[in-house]
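Next come two complexes, and both contain subunit A; in the first it sits with subunit B, in the second with subunit C.
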Partner chain A sequence: MTLVQNFPALCILLTLVCAVLTSVLKRRSAAVVTGMVLVINLVLNIMALMYTLKTGESYVYRMGHFPAPWGNELRVGVLETGTASVLLLVVLLSYLGAYRRSMQKIEPTKYNLYGVMVDLCVLSLQALIYTNDLFTAYVFLEISTLAASGLIMAKQTGRSLVAGVRYMIMNLLGSSLFLLGVVILYSITGHLLMTPIHDAVAQLAASGEYQIPLDVTVALISVGLGMKSAMYPFEKWVPAAYSNSTATSSALLSSVVSKGYIFLLIKIYVRTIGMPVIESLGITDVIFVFGAAGMIVGSVAALRVRTVRMMIAYSSVAQIGYIFLAIGLGTMEGMMVALWHLLAHAATKSMLFISSAEMDEASGGTHLRKDVQGAFYRSPLAAFAFSLGAANLVGLPLLSVFVTKFMLGQTAVAVGGRHMAATLICLTISTLLNLGYFMSTAMSLYVHDGETGSRRKPDHLVRLSLAGFLALNLVLGFCAAPVYQTLLSGFAVFG
Partner chain B sequence: MSDRKSDLPGGRFVRWLNQDQDVLERQMIAAQNREPDSDEEMEEAWRRERFLEDQKEEEVVASRLEALNERKVPVIGRVVYMLGCMLICIAMIMLLLYTVTTLPGFGGEIDPAQNEVPRRYIEQGLQETGALNIVTGMILDYRAFDTLGESTVLFAAAMVVLFLLRLDPESNRYSTLAASIREEPYADTFYEPKNDSILQHTAKILTPVAFLLGIYVVLNGHLTPGGGFSGGAIVGAGLVLHVTAFGFEDIRRFFTYRTYQRTVVTALLTYAFSKTYSFYTGANGIESIIPLGMPGAILSGGLILLLNICVGFIVTCTVYVLYAVFRKGDV
Partner chain C sequence: MFSKWLMNYEETAAVILFCIGFSMMLFNRNLIKKIIGMDMMDSSIYLFLASQGYIEGHKAPIVTGGVQSTEAYINPIPSGLVLTGIVVAVSVSALMMALSIRLYHRYHTLDLDKIVALTGREEA
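Up next is the complex of A and B:
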């Protein structure tokens, strides 16, 4: 085994060690250590991505001296390393982009604990992406929930506490449903490792044994993870959690924490249960309906809110709806579109959160939609980043979400029937609604109404982060074909 | 100008009659509003302003919430909501109960869980891990990565609770929550008996026993039932009993926030580093230099004893810290 193959496991352990160390460091060194961890993780993951790209295959990494199914193991392929690299880059940029502003909302003696929460998020994200074991996934799901609720409540105002408690309740319910599903799956297959479960489930499906527990377990896992990743109609925690926490927290939550759960769900569908069984159970139709409803309801709600962050939060519900709609199509191509949109949305949404926070700051600290009018003249870079993100989510060609919409339509046409009609109608309505709220806000940024206020010079961390976000989004958009092909090759060895 | 007039003798009296601002008061306001000197002061002023803004917003939210609570919800709506909740819960319960009846019998002959996985744990666990207690061998050797994650869950829980509830000497400046708790310190322990002699006598006898039993359970985790999680919980319970009986002043002599930090960081780092070694050698096919020892001896089972001690420390500290922080906002 070469050294590079150890990197994913080492990244997980390194993040854990640094999370522990950060808890006893002083303010500045804690922030520096957290930043360093993010950079090192990103570099190591990119090196692992290079390695897997070269071999083109996925490999199993044994955690300890005993092979699975007796011990734990990780599984590393192009898809895993690619997703981890993009999401880690998003974490790093979000951390840099709103670090100063987020810290001003937190008690000075607790800066290091905020760093611990960020570290724990990154730790659980990587573990969820790489693990090949359902129980390990559950353990890190818990860490992720705890860290995320810490991130939401970091401001310690009344609103953020209420939002955090609500998040906690919904997510614990989701975790416990997931755990129940795992327990039932264990008792009918006798395994916790994903690959042997796949074989056992295929056997059960062929023989028709334990059909009811199998149905129930898939439903429990889907609903549990859906709840945790803001699938409609379990999205009630989203608006408060995203709009009342610090800017870094909302960017991390919307683009990284919930994406880890969705990645896990796709892994369970494709690798653990197997797509043929999933299709025969009919669960994908339910997810399809939820996804379609989420696309519409999220967008309609976003039209009506008054603050920019609330609007972005509701738009998250709609975008998560896209992902679940793609999963709900029930084909491998649909899963691939879901994975693509997962990355595209993560890159765009965090950019929107960071840039809107910067614009709010430049516009006098308010969050209202009407107050950001003319923000381009106060904070050009942030306004440009915001409008690019908005244009992307609306589906401007040459950008990443356009690829999602295009591929979604194509996949739906291939599926045909009612799915095709529903997908195309929902896509159209949702795009129109997106135009309604995003473009009106983005255009108002350029309206010159006489006195636009003083121009704010963002500090270099913010500029670096916004430039990074712009580059990431443009690369994902312009180089969509090669990136998509790479992911596709990873997806071929994923199951 | 009226200012000029107010500076004349008797002007202040006139102003006072008119219920206008006092000169002294005006000077104080001017002093408050003066431009801050250094960057730090500016930051400080900015923070205070933010804090006041937040507080104002909190008040608005609170009043709105009050209005919302006073609003009369139509009876029919409430009934429908309650019925809906109950129906969903009952349906969920029935579904899960029905699923349980369709599951394979526990430990029966056709139980799919009776496969090669537990068979190897039972048959070869002793040789491979060196632990007489198979369960410990399983969680700390075969599946040590999961257990590392679980210890991290405890760490994360303690960190979040400290993040939210710990009141530092200076924390009441910026956090509304901290400020409001500061106003009523020890509110939750107000009615509790202090220096209760029955409790103190019981604690005097029980605490050493709990400590000894807990340490025994931790150290013999690889030989007899128990281990770091259960032993740590027992020692933690002993600490909680002690602090309930003798108060925080007494326990501070040997257990402070610093003690907690040092213990947990050392324990978790030891766990993480020793397991990193073991994962690395295991995955790369390198022979581990850690001897398994003679099964049944106290120094046996490879890393298991060390890991049990680490987990024991983590659990002890977490149990005590959660209690202390929830009770008075500090360790």
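Up next is the complex of A and C:
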């Protein structure tokens, strides 16, 4: 085994140790350690990505002394390392972009605990991406829930506390459903590792045994993870959670926490249960309907809100709908589109949250009528980043979400029938709605009504963060073909 | 069908308890009752798991009297999972309780709907 092969496990252990260390440090030291952990994790994951790209295969990393099917293990391939690298870059840029604001909003004696929550989010994200064991996945789902609720409540206002409680309630319900699904799966297959479960499920499907428990298991896991990742109709906690937390928290919640759950769901469908069995169960049709409804309902709600942050929060519901619609198509191509949109949305949504926080600072608020108008003249970089993010989510050609929409349409046409018609109709309606709220807001940023206020120079961390986000989004858009092909090669060895 | 439910009475009880806990957590407005519902849900899953590992006539998986044969003991994996699950559930319950106390001190009620209404008024 080469040194690089140890990096994913090392990242998980390192983050865990640093989370403990951060809890006893003072504010500034905690912030520096958290930032360093993010950088080290990113570098190690990129090195692991390079290694897996070179070998073109995935490998299993045994944790502890017991081999499969008893022991615990990680599975590392191009898709896992690629996803982890992009999401970690998003975490780092979000952390830097709202660093100063978070320092101001969070009680000084509690900032080290905020760093612990960020560390735990990163830890659980990587564990969910790399683990090959379902019970380990459950444990890290719970750690992620605890950390995310801590991030929401960090401001300690009444609203943020209530948002945190509501988030916890919905997420704990989701975790319990997931655990029940895992336990039933264990009772019918006798395994907790994904690969042995896959073989056992294939045998059960062929023999027709335990068909009802298998249906129930897949439904429980799907609904459980759907609840946690804000799939419609379980999205009620989203607006309060995203709009009452700090900008870093909102960016992490929308771009990283929910994406870890979706990645796990795709992994369970593809690697654990197997796509042929999933297709035969019909659960994907339910997910398809929820995804389609989420695309429309989220966008309609985004049209009716008064602040930019609420608009971005509801837009997340719509974008998560795209991901579930792609999963609901029930094909490998659909899963690939879901994975692509997972990354595209993570990169764009964080940029929107960070740029809107900067515009908030420059304009004194994010009210859509009162504050946002002319924001470009007060905070040009943030306004430009917001406009690019908005244009991306609308589906402007040459940007990453356009690729999602194009591939989604193409996959739906290949599937044919009602799925094709419903997908194309929902895509059209959703794009028009996106255009309605995002472009009207983006255009108002450039309206010059004479009184634009003084221009604010963002600090170097915000500039670095926004420049990084712009570069990431442009790379995902302009270099979509090679990136998509790389993910596709990873997907070939994912199952 | 009914006989199958009776035959697997531990699993049946676990599923019924899970449904009660789930409904309590989702529909009850009182924060303490929500936490009780959550604990019921978790406990029902542990009951389900423990029943999967139990083998009639076999002992707890702790080597005693030099008996090394796996035939003498029940399946230890579900017991290990239950222990891990309990640790997770305790952490989550502790956090939820701490939050409930905090909200009670601030708003003098444990009714989540009333708390939401009060936060709205506070903001206004």
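To be clear about the criterion, the second predicted complex is superposed on the first by the 489 of 495 C-alpha atoms of A that agree within 3 Å, B and C clash if a C-alpha of one lies under 4 Å from a C-alpha of the other, contacts with A are read in each partner's own complex, and residues count from 1 in each chain.
Keep this in mind: contacts are C-beta pairs under 8 Å (C-beta built on N, C-alpha and C of every residue); 3 or more make two chains touch, one makes a residue touch a chain.
Note that this is a predicted model, so its numbers are computed, not measured.
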| item | value |
| --- | --- |
| Room on subunit A for both subunit B and subunit C (clash or fit) | clash |
| First (subunit B), second (subunit C), both or neither touched by A:G226 | neither |
| Touching partner for A:G115 - first (subunit B), second (subunit C), both, neither | neither |
| First (subunit B), second (subunit C), both or neither touched by A:S187 | both |
| Which of subunit B and subunit C A:L173 touches, first, second, both or neither | second |
| First (subunit B), second (subunit C), both or neither touched by A:M1 | first |
| Which superposed partner A:R159 touches (first subunit B, second subunit C, both, neither) | both |
| Partner chain(s) touched by A:G294 [first = subunit B, second = subunit C, both, neither] | neither |
| Of subunit B and subunit C, the chain that contacts the larger number of subunit A residues | B |
| First (subunit B), second (subunit C), both or neither touched by A:G490 | neither |
| Stretch of subunit B, among 21-29, 57-65 or 237-245, that runs into subunit C once the two complexes are superposed | 57-65 |
| Overlap of subunit C and subunit B interfaces on subunit A (superposed complexes) | 70, 135, 139, 142, 146, 149, 153, 158-159, 161, 180, 184, 186-187 |
| Touching residues on subunit B, where the partner in the complex is subunit A | 46-47, 50, 54, 57-58, 61-62, 95-96, 98-99, 102-104, 106, 111-117, 120-121, 128, 141-146, 148-150, 152-153, 155-157, 159-160, 162-164, 166, 168, 170-171, 174-178, 261-262, 264-265, 268-269, 272-273, 275-276, 278-285, 288 |
| Contact set on subunit C toward subunit A in their complex | 18, 21-22, 25-26, 31, 34, 38, 41-42, 45, 48-49, 52, 77-78, 81, 84-85, 88, 91-92, 95-96, 99-100, 102-103, 106-107, 112, 115-116, 118-119, 122-123 |
| Subunit C-facing residues of subunit A, complex | 70, 135, 138-139, 142, 145-146, 149, 153, 158-159, 161-162, 164-166, 168-169, 172-173, 176-177, 179-180, 183-184, 186-187, 192 |
| Subunit B-touching residues of subunit A, taken from the complex the two chains share | 1, 5-6, 9-10, 13, 16-17, 19-21, 23-24, 61-66, 69-72, 104-105, 107-110, 113-114, 116-117, 120, 123, 127, 133, 135-136, 139-140, 142-143, 146-147, 149-150, 153-154, 156-159, 161, 180, 184, 186-191, 200, 210, 212-213, 216 |
